[in-house]
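Here chain A shows up in two complexes: once beside chain B, once beside chain C.
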Partner chain A sequence: MKIKKNIALSESGFVFDPSTGDSFTTNPIGLEIITMLKEGKSRGEIKSAITKKYNVDGATFEKDSYDFINMLDKHNLTESYEKEKN
Partner chain B sequence: MRKKKINVAVTGLNNIDSPGPGIPVIRALKESKVFDVRIVGLSYEALEPGIYMHELVDKTYQIPLPSAGKASLMERLQYIHSVEKIDVIIPNFDAELFNFITLSDKLKKELNINVFVPTLAQFEDRHKANLSAYGKKHKIKVPYGKVIFSAASIPSLVSEFTYPMVVKGKFYDAYIAYNQEQAHTYFNKISAKWGLPIIIQEFVTGQEVNVTALGDGKGNTIGAVPMRKQYITDKGKAWSGISIEDENLMAMTKQLIKSTKWKGGMELEIIKTVKGDYYLLEINPRFPAWVYLAVGCGQNHPDALVQLALGKPVKPFKKYDIGKMFIRYSYDMIVSLKEFETISTLGEL
Partner chain C sequence: MSTKKLQYERPIIQRLNTGVMNKFGTKTEYKPVTHIDGNSVKELLAKYGSPLFVISEQTIRDTYQSANRAFKNRYPKVQFAWSYKTNYMNAVCNVFHQLGSWAEVVSGFEYHKALQNGVPGSKIIFNGPDKSEEDLTLAIKNDSLLHIDHLDELYMIMEIANNSKKRPRVAIRVNMDTGIYPMWDRFGFNYENGQAWDAINKIMLNDKMDLVGLHSHIGTFMLAPSAYGIAAAKLSDLAMAVKKKFKKNIQYIDMGGGFASKNTLKGSYLQGVDTSPTFDQFAEAITTSILNAGFTETELPLLILETGRALIDDAGYLLGSVISNKRLADGRRATIMDFGVNILFTSFWYDHKISPAQEFGQHTEDSVLYGPLCMNIDVIRENITLPPLMRNDNVVVHSVGAYNMTQWMQFIALRPAIVLIDTNETAHLIRNRETLNSIQSDEVMPKYLKTFKL
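And now, the complex of A and B:
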């Protein structure tokens, strides 16, 4: 799972997709996850970083991150969407 | 650098809820780095807001409706030119373009007025009614379409189309018909306003994207900026939009301009499907009302058009800002009755 390369992220949590003109806002944890995805980190690495930093157990993170990443996919922000399309 | 003073006449001063491109074009020209532009407005009705926007429009003249024909238009332009010494005319309505295109040589020869518009062949070829053939000729995907002249043809459409289908007027208006009854209603509604024929088009779903572009008439794209509408009015017009990055869309635009040797401003209306296919819905043979977004993105298309019209070499724009937005607003001007009286009775203000 990778975020499309051209997606613009701002520190405020504003996400902009220049190819569609769509924009979204995310909370600070969502921003951290998208940033890590953009850096090419694996889901395991992201899970480890988030569970270490915040008071959340692995199972809860798995469930929530699954929903979140599905949402990114649904909004065409991921490369898996790009591949599927082509 | 000292800017050259020129007089440019512009139509489309109807800056209303379904706006003409005149005022955005004028705003672009006022920002020219090459010209010091005096604007002569050309209006059809006394309530076109641009007539009263004196900070943008220096003088306005009423001109005859396109249906009056080109002889009466020429006569009126001769009079206006005798007063204003017009260098360039930028027509901004589809319905008036035929007259301006067919008069362009005469205007140049007799009055030395420059009009940088598509050729008659370019203008006729891209008519909605000819879109299918146009797509084949220029190797561009277009939705399947058919021209009909009578509502009696609607029932038999089911052999070629499935509902929903798009019912379009030859100049303006388009509705999505979900059944035969709606197709009949829209046929009558559109034909009563814009006449026949009516175009029936396959309904292609996806994201609508638009491009404002300028061709130099030799196959080169001088500028192109793609936009996605963010807020659409009940009349289907963009109230806000954002410039986007789309290499495929730019390639399609450049290919079309190269293949057609398009001369002048244009707007492409395109549907991008989920699969990533691009279908051309329409070519508007003039700048769109959102052309000022291109200026905001670093490409002043109206200014470049005026330079081309005056025979100056123009280098193609190489880039534009992505993620720039436009948001329209409405504004109530207070106008004295005297001004309304003057334009209504004397035909100039």
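And now, the complex of A and C:
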């Protein structure tokens, strides 16, 4: 899973997609996940970083992050699955 | 060295749509509701289980006093009668009886409940279309006020009165056009077509009973105080006609109930707190009509009010917990709660205000709130904007005091406990959580079905 390269992120959680003009807002944990995805971190690395920093168990975070990444995909903020596969 | 971990919040992302309203509306919750009358929500749930109904006695008393003040400031003789069907938990009824309310009941079951609570028979108003001969005989013996709904009931009372030493004290329920829709014409006798006057004549010309009152109950969740003004004028008109023809004074006018609470009806653009009339507005409309009807000072009838919903709704809370979160096929967020339409019947009518019971961040998400039943209709809120809720997080549903604890269904799940918080902020259990045994104790198994082999 990769975030589109041109996505702009602000420290306050404002997300802008210049290719579509769509803007989004995300909460601090969402922002951390997107930032780490942008840096090319794997899901495992993200899980370990978040569970270390926040009061959450691995299973809960895995469930939540799965849903969150699906939403990134739904909002066209990711390199598409097809593209990744090819 | 270990450091304290930061509070986790589920990651969310929302598209920003400038200038376009969405069906979820704007964020409404800014602060968690962690306590009710000094009692911690989490501690109440830990002690009595989730979900849990909580009733604030202080709110009941404050609301009653404000209604009482609104009417007594404008009219010399006012009497409230507690509408049992709205909430007939005995503890709740007795709070109202301690405040001076009589009882208003609509069935033999409720009548016996009021008697058992210690209400004198003469201070029980017996309404409704279904009163058995046995109910009526007992009510006549107890000198209760019988509000006649139909001619069959009137003839049954005449028959009982013929064989009784007691003179039944009766009133008739009058339905009428007050300019509102729908017009409730299924209860009582119609004013416009002369049915009500006909029934009055039948009673007045019978020497075995006394017509002491006139009653109306024009609708439910009424948002137009003016309709009550019209109803009070029409009842006063009948009372004046009785005086003119029979030289007798009607002792009381009972305006029934139906005042709207502060809940928000489904489909309403504005919040209930902004649109529901105040007690003062209802009182002004009703008392002005009666005072202007032409009664002399000594003949003014007692004004009886059977307000239920508006007196108890705000005092009731439902505490519950999140079972799970899921994503629907169309991308909407869905949260499953441990309470559904089985115990929150009013979620069919209202968009209940729901607050998280723990601290939350500034971000919110649009979601659908479902109940726990394995039934498609179990939807508590079709659209709601809430901060991200996690499994086992708690919420507080506001203004659930009316009708839920009487219309709730024992369907699929057992019904929860009810706690009353007194004016000293002490919590009292007033109804135990149901058990399998409390549901099955009335079942009877035929002997031949007791065993089977699989």
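FYI, the second predicted complex is superposed on the first by the 81 of 86 C-alpha atoms of A that agree within 3 Å, B and C clash if a C-alpha of one lies under 4 Å from a C-alpha of the other, contacts with A are read in each partner's own complex, and residues count from 1 in each chain.
Here is the rule we use: a contact is a pair of C-beta atoms (placed from the backbone, for glycine too) under 8 Å apart; a residue touches a chain by one contact, two chains touch by 3 or more.
As the structure is a prediction and not an experimental result, all values here were calculated from the model.
A.B. asks: Does chain A have more residues touched by chain B or by chain C?
C.D. replies: It is C that touches the greater number of chain A residues.
A.B. asks: Look at A:Val15 in the shared chain and tell me whether it touches chain B only, chain C only, both, or neither; answer first, second, both or neither.
C.D. replies: Touch status of A:Val15: second partner only.
A.B. asks: I'd like to know which partner A:Asn6 touches here: chain B for first, chain C for second, both or neither.
C.D. replies: first
A.B. asks: Which positions of chain A sit in both the chain B and the chain C interface?
C.D. replies: none
A.B. asks: Once bound in the complex, which stretches of chain B touch chain A?
C.D. replies: For this pair, the touching residues of chain B are 207, 227-228, 230, 241-246, 274-276, 322-323.
A.B. asks: Quick check: in the complex, which residue numbers of chain A touch chain B?
C.D. replies: Touch residues, chain A against chain B: 6, 8, 16, 18-21, 85-86.
A.B. asks: Give the list of chain C residues in touch with chain A in this complex.
C.D. replies: It comes out as residues 5-16, 325, 327, 331, 361, 363, 388, 390-391.
A.B. asks: Which part of chain A faces chain C closely enough to touch in the complex?
C.D. replies: Chain A residues touching chain C: 13, 15, 22-30, 33, 52-56, 60-61, 64-65, 67-68, 70-72, 74-75, 77.
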